[in-house]
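All chains are identified by letter, namely A, B, C and D, in their written order; residue positions are counted from 1 within each chain.
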Amino acid sequence: MIICERKPIDEIKSFIDGKKKVLLVGCRGCVTVCNAGGTKEVEILAALLRLDAQKDGKELTVDEFTLERQCDPEYVDELADLVSKGYDAILSMACSVGPQFLSRRYPKERVYPSLNTCFIGGALAHGVWAEHCQACGNCVIHIYGGLCPVSRCSKSIMNGPCGGSSNGVCEISKEVECVWHLIASKFMDEGRLAEFAPIQPIKDWSKSRDGGPRKIVREELVK
Amino acid sequence: MSDFEPKIIAFCCQYCAYNAADTAGSMRLQYTPNVEIVLIPCSGRFDVILALKALESGADGVYVAGCLEGGCHFLDGNIRARKRVVYLQNELKKIGLEPERLAMVNVSASQGPQFAAYVDEFAGVVKGLGPSPIKKHLAA
Amino acid sequence: MANNTTKSGAVMVIGGGIAGIQSALDLAEMGFYVYMVEKGPAIGGRMAQLDKTFPTNDCSICMISPKLNDVGGHINIEILTLTDVLSVKGSEGDFSVKLRKNPRYIDMSKCIACGECANKCPKKVSNYFNEGVDTRKAIYVEYAQAVPLKFSINAEECIYLTKGKCGNCKKVCPADAVNYEDKAEEVTLRVGSVVVASGFDVFDPSVADTYRYSQWPNVITSMEYERILSASGPFQGHLVRPSDHKEPKKIAWLQCVGSRDINRCDKRYCSAVCCMYAIKEAVISKEHASDLEAAVFYMDIRTYGKDFEKYYNRAQDAGVRFVRSRIHTLTPAPNGDIILEYIDDAGERQSEVFELVVLSVGMTPRTNLPELAANLDIDLNEDGFIQTQPLTPINSTRTGVFACGAVNEPKDIPSTVMEASAAAEAAGRVIAEAKGTLTKSRTYPPERDIKDEPPRIGVFICHCGINIASVINIEEVVNYCKDLPFVEHCTNTLFACSADSLNKIKEAITEHKLNRLVVASCTPRTHEPMFREALAQAGLNKYLFEMANIRDQDSWVHQKEPVKATQKAKALVRGAVAKAALLEQMYQTKMGLTKEALVVGAGAAGLNSALSIAQLGYPVHLLEKTDVLGGNGPKIFSREKDVRGYVAKLIKDVENHPLIKIYKNTVPKSSHGFVGNFETKCLGPNGEFTISHGVTVLCAGGHAHKPASYLYGENPNVLLSLDMDELLATNDPIIKKPNQTFAFIQCVESREPDRPYCSKICCTHSIESALTILDRNPEAIIYILCRDVRTYGFREKLYQEARSRGVRFIKYCVDCGKPEVVAGANGKLNITIKDHILNRPILIEADYLTLATGIDPNPMREEIVEVFKGQLSAEGFLFEAHMKLRPVDLATDGQYLAGLAHYPKPLEETIVQAKASAARVATILSKDHIMVGGVIAVVNPEKCAVCCTCVRACPVQVPKIVRNEVDPALRGHAFMEPAMCHGCGVCVSECPGKAIKFQFFTDEQLLAKVEAMVQEKKAKPA
Amino acid sequence: MTREIKTKSNLERVLASGAFAVTGELGPPRSADGSEVAHKAKHLVGNVDSVNITDNQTAVVRMSSMAAGLLVQREGLQCNMQMVTRDRNRIAIQSDIMGAYALGINNLLCLTGDHQKFGDHPQSKNVFDMDAIGLIQAVKSMRDDGRLLSGQELPPEGRPKIFIGAAYNPFADPEKYRIHRTAKKVEAGVDFLQSQCIYDMPRFRAFMKEAVDMGLTEKAYFMAGVTPFKNLGMARYMQKNVPGILVPDDFVNRLKAAPKDKQAEEGMKIAAEQIEEFKTMPGLKGVHLMLIEWEHMVPEFVKLCNLTPRP
């Protein structure tokens, strides 16, 4: 899923400075699952913003609504009635797709992102998420024992490990495990040296972000 | 400000803190009437929205009272509660509200005296802070 | 199995005090039908009369009141008040009991306990419930919380029944309940076993009146003092003395009145509770008035129970004075004061004026006990209590007839409760095969579905006598609440928990079509179940109820601020009403259980527990961490009983019992689950394995403390008590050697800051050893160096024997210098001790020194509480669920404890507690299902984002992601097994989709409550 | 043993001749002043067969290795131009290789490079378009096949005749798969391999034995990295802080035993003893001397080790 985290409250406050009526829009997709932008987080942020305004004696209404997903126009449409009430600002609590879809659907509204979109990853434990994919567009994890060196190696090298890892930890930080250590150990431990031995070719990065913004068109689905 | 009577909401877990409050009662320990207790099954049930709502409604202070660390009837509800309290304290600080208006305390069921002492201590802190700015504007 | 038995599945419990109540409740829950025979008009016994109880200072009536209602409302307990036992014929399993039900002169089915009759009754008589301190009428209820709450007429006091005139009560009774024609009636019952729990009388000091009790009003008994302290007593809890209703500033307690006294009253035994209750009364008195001077005159302070010593120390810190002196002379002073003359520690004669003297009276057998014993055909002992044996402490001399509580020997409430459960075990065990043959099941009126009704809330504001009303302006609160949203009915009540009030609540539900109820009174911790039951009986879902704690958390703690306390009460009720408006109907469901028990530890406690559970018909898994059974038992020698033979037989019985599986060298590693369905992973010689069980009994024991003082371990002639036992058991010749001097030092490293508790057994143990030595070597010289001699109960007789046979008791105190022991040149042990009477050092040249070191808790206690999620006291013993009334239960449902794991205690008490644990176990295992659900977390599948937050956050791994039941192709959702959810609410507070509802503590309910409490709502529109 | 001579590299010449080769190392300055390079190079001329010129080592910006290499060559000493893949994508890499060769550089040491997190520009985007092994393949392809990575051909006279080097680390963690990664480099077409500083002789012996057994030393020239300790502090620092370098306690103790002013001498002595063993160690063809910021000591050191005169 896409892992996000809420922006610092100061930054969000700066978005709504001087505004009186704000709509906070959550998303029941990835950001609910990663505890960043579901109903609960919407509720908490709304309360914080209200408190902030109340303490200064400012008038502020914060309405809350959580969409099934902000990355599909049909769900974004559901906001139409609410939006027509007239808000000074719409705060999206989704990944960065959300504010863009809201902006496109409601072009006259001022839409702000309340979350920072961090990476594609999964939960390692309650409250801990880690990057597992870089959306390189050409998945090769099967070659690496089910581990992705592209997203999980600091250098994204294809023939690791480099000399910088020790005790299975990447040189850049003790918090970063060396995925190449995991890959190599796995092959060695399982007697699959033959799979480790081949030189992996220089990666074709053309399908990754480096190749420019990407789009998928499924002709058989397109009406 | 000396005649300021703060309104404080205390979320007390049923196994220890609420029990401690009862113990304080059966010992007839006298403490400030500024605190009103809301029973929750475990301090782990403490939800940041409860504190936010209390503050929004105009409470001058909120605290959560759970079992002693290591003594939670549900293992770690009190640890989680404390983390949530710390989280919310930071958020309050960021929006310019005194984080001291929110607190967490641990007491065992038999610690009636400690409970009573804490009530007075926390009420003292809140008194020192003065009325919640939210209440001020609510009244206006 | 039940169908072919010739045995009766009913038990008669004689006595409605705490002993009878506990026995009856256990038996009823174990699957037997109980007849509770009570001589008086209501049950409750002595506990109902007490003000507070030691060592927790819990309010006695508050504790027992829910129990009274449990008994009163129990479908399998039939209370027979005003009833005498005439005869018991037949034999165990098939007794025929003849009873006489004395006339009440009130039709119980009609009486509404309105009190009109008593108002109009012209006859004032001494109020025995208040120990004669005040008066009541000839038509009366004993006390406000009485069960059954029905008036009665004492025929000997009634003018109409004695003289044929008056008849006022009959005239005014609105319910036509008075029946002067009521006659005594004889009934015959068939029962399988009998439990005698008829309690004790308080010693009457007028018998030998050196204390001038019957002459001077300001010399009172401790029981009278309890009533004076009580808020429901003659002075409404104001501490005043009887003569002039003046607040006394100086009070003396005289200990051992009617106890340990052969000269004046022929009471040789110690009454076991007086030291503690006197300390308690002194402490409470000082709470009433902090400048009050309290002095306790004593011979030995016997604070031997759990947390007692701590309580004693706290009392001293609080300024209660303790004077070691027996008062012989009381002289009158002006104004009703009393002069006490005594010899102080320094040997000086002192004379001191007190405004009130409280006689700490002992327990004596009931005056009618000889008659009852004759009717039951059981023997009494030389002191007039029921005859039992040390190793069968609840067995009377007749099989099938058991006895518990102070009817056997003076004892405190927890010991009584343990014996009561043990008696339930015994009474149930002998008719085990008849279980369930006579029990009935409860039916409630059909529940009114209120889902679509707008909230109609009833509010009851309790005075709690004066507990609340003396501080909070009830009328003001009532008037205020009438205007709160959705409140349809609001009224005050003197005691919300009384049967009468409960009935009024039920009536109000019907009359006002209420669908939510709020009671503002004491704490839901003790009283919520009772009110919920009332709702159910009124046809309302029991969860449509909310309490506001305006006593424990308001009136009691803001006594000097009535205005603010009243404001706070309004806020608390406002919050409760706001929450109540959002309450929903909730339902519990049935869940199966594993009808097997796990017993941890195979010492005397574990063996007894296991054997009794098995004998009640339930399989037992018995874990023992060593490869031998018996624990400390085989090391003990007793002069009074064959402990080693007893333990050997016990082991054999356990080993031979087909329902007991023994696991030696096995320890529990982890335990999960809940009452009825536990799973415990154990590590044994063959590796790890798992036991499924419905209940757990922890009998992890303790062991003798090994000291680092008095040359222990350095000199071979310095022994521990158990070493001496070994010499005695093996008949070692050194005992009989001529010219031998044996010394004992008591409280070795006990009752000191590092180990502040009293180990309870050591005084008796040393004295027994001393007597055994004298039995074998009458010329031996024996010294016992002690602090207080704590031979409580009948053990006092051993102390007397020892003194009369020349054992020299020398008292020392820690502050003025403990004994010093050095090895002498002649191979003797030179013991120096300062004699506080002679005020000079004494040198004892002893051949052998025995150190009474007390008991340490199990060294594995930390692991055990970790595995079973229990709690330890500061001293390292397991915390029971409640010190007074649940001494065998652990806080976790379905977990019990027995033996030294709970607290040091002699073998006979361990046996009792172990058997009690079996009864407690049987209350669970006798059922075919347990009820689950209620206050738990429930997922709304539609809102669930399947994010696993709950799965990860749950402390007990309950939530799971399950398939959608309607259509497996649909997205699944989180699910919490209702029987497993412990109800902490952690998941609810973290669910990012707000898909989990915590029943009875929903966000909406709590938010509404908080908001209402903080913000004064505008009154509802007219 | 003689192998086919592929380039005009002096290092290749020495190695191919069977003589025990010696290479040195020189770090370019963070400066555009070429004289500093020339000055440092003077210590090395005549004492080593070629000198490595580091490429923004530890991701700290310095004069480019290509330019510094040329400055060194002007002093009469061939350089081993180091090239890391961190800062160049495949276009830059191939372009630089052609340029370097055109300017007279014959040796190229192919490296992945240190992560920029440790350098002086941690905000920079890294490239890592390929790793060291990819780089070896790229050079080899250009030299031997005359093809760029895209497949486009180079004219026969336009192929960079470069002696291809790479680094190997026998000790980086974990030990067990290091030899296999070295084997990959050999397989990719490397001509010579220089190691990190060697201190742990038993482990190195074992590693070399594995290399010999796997036939790797037949396909590439293995050289051992040597760095004499300047003092006790350096030995301790390396022992504790540098991943992939194992300093035996034995060496530390020897330095400890020496008086402070003799520690450098003792350090050199230790290194000289190592080199004596390297000279006869099966499969090993030379040493790579890394006297970092200590270039002026090279003449004395090579003399001490009897490595001069150079063939």
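Just so it is clear, a residue touches a chain if its C-beta (ideal position, glycine included) is under 8 Å from a C-beta of that chain, and two chains touch if they have at least 3 such contacts.
Predicted model only: the values in this text are computed from it and were never measured.
More contacting C-beta pairs link the chains of A-D than the other of the two pairs A-D and A-C. Note on chain placement: the centre of chain C and the centre of chain D lie 84 Å apart, centres being C-alpha means.
With centres defined as mean CA coordinates, chain D is found 66 Å away from chain B. Distance between chain centres (mean CA atoms), chain A to chain D: 42 Å.
Note on chain placement: the centre of chain A and the centre of chain C lie 59 Å apart, centres being C-alpha means.
Taken residue by residue, chain D touches two or more other chains at no position, since every residue touches fewer. Of all residues in chain B, those touching 2 or more other chains are 48-49, 53, 138, listed in ascending order. Those residues of chain A in touch with two or more other chains are numbered 40, 43. Pairs of chains that satisfy the touch definition comprise A-B, A-C, A-D, B-C. Touching chain D in their complex are the following residues of chain A: 154-168, 171-172, 181, 184-185, 187-188, 193, 196-197, 199, 201-203, 205. By the touch rule above, chain D contacts chain A in their complex via residues 86, 90, 112, 114-115, 117-118, 126, 128-134, 137-138, 149, 167, 169, 172-174, 176-177, 180-181, 183-184, 187-188, 196, 243-244. The touching residues of chain C, when paired with chain B in their complex, are 52, 56-59, 62, 287, 523-525, 549, 551-554, 556-561, 564-565, 567-568, 571-572, 575, 869, 871, 891, 935, 953, 955-956, 982-986, 988-990, 998, 1001, 1003, 1006-1007, 1009-1011, 1013-1015. Chain A meets chain C in the complex at residues 28, 32-35, 38-41, 43, 123, 125-126.
Those residues of chain C lying in contact with chain A across their complex are 943, 945-949, 952-953, 990-994.
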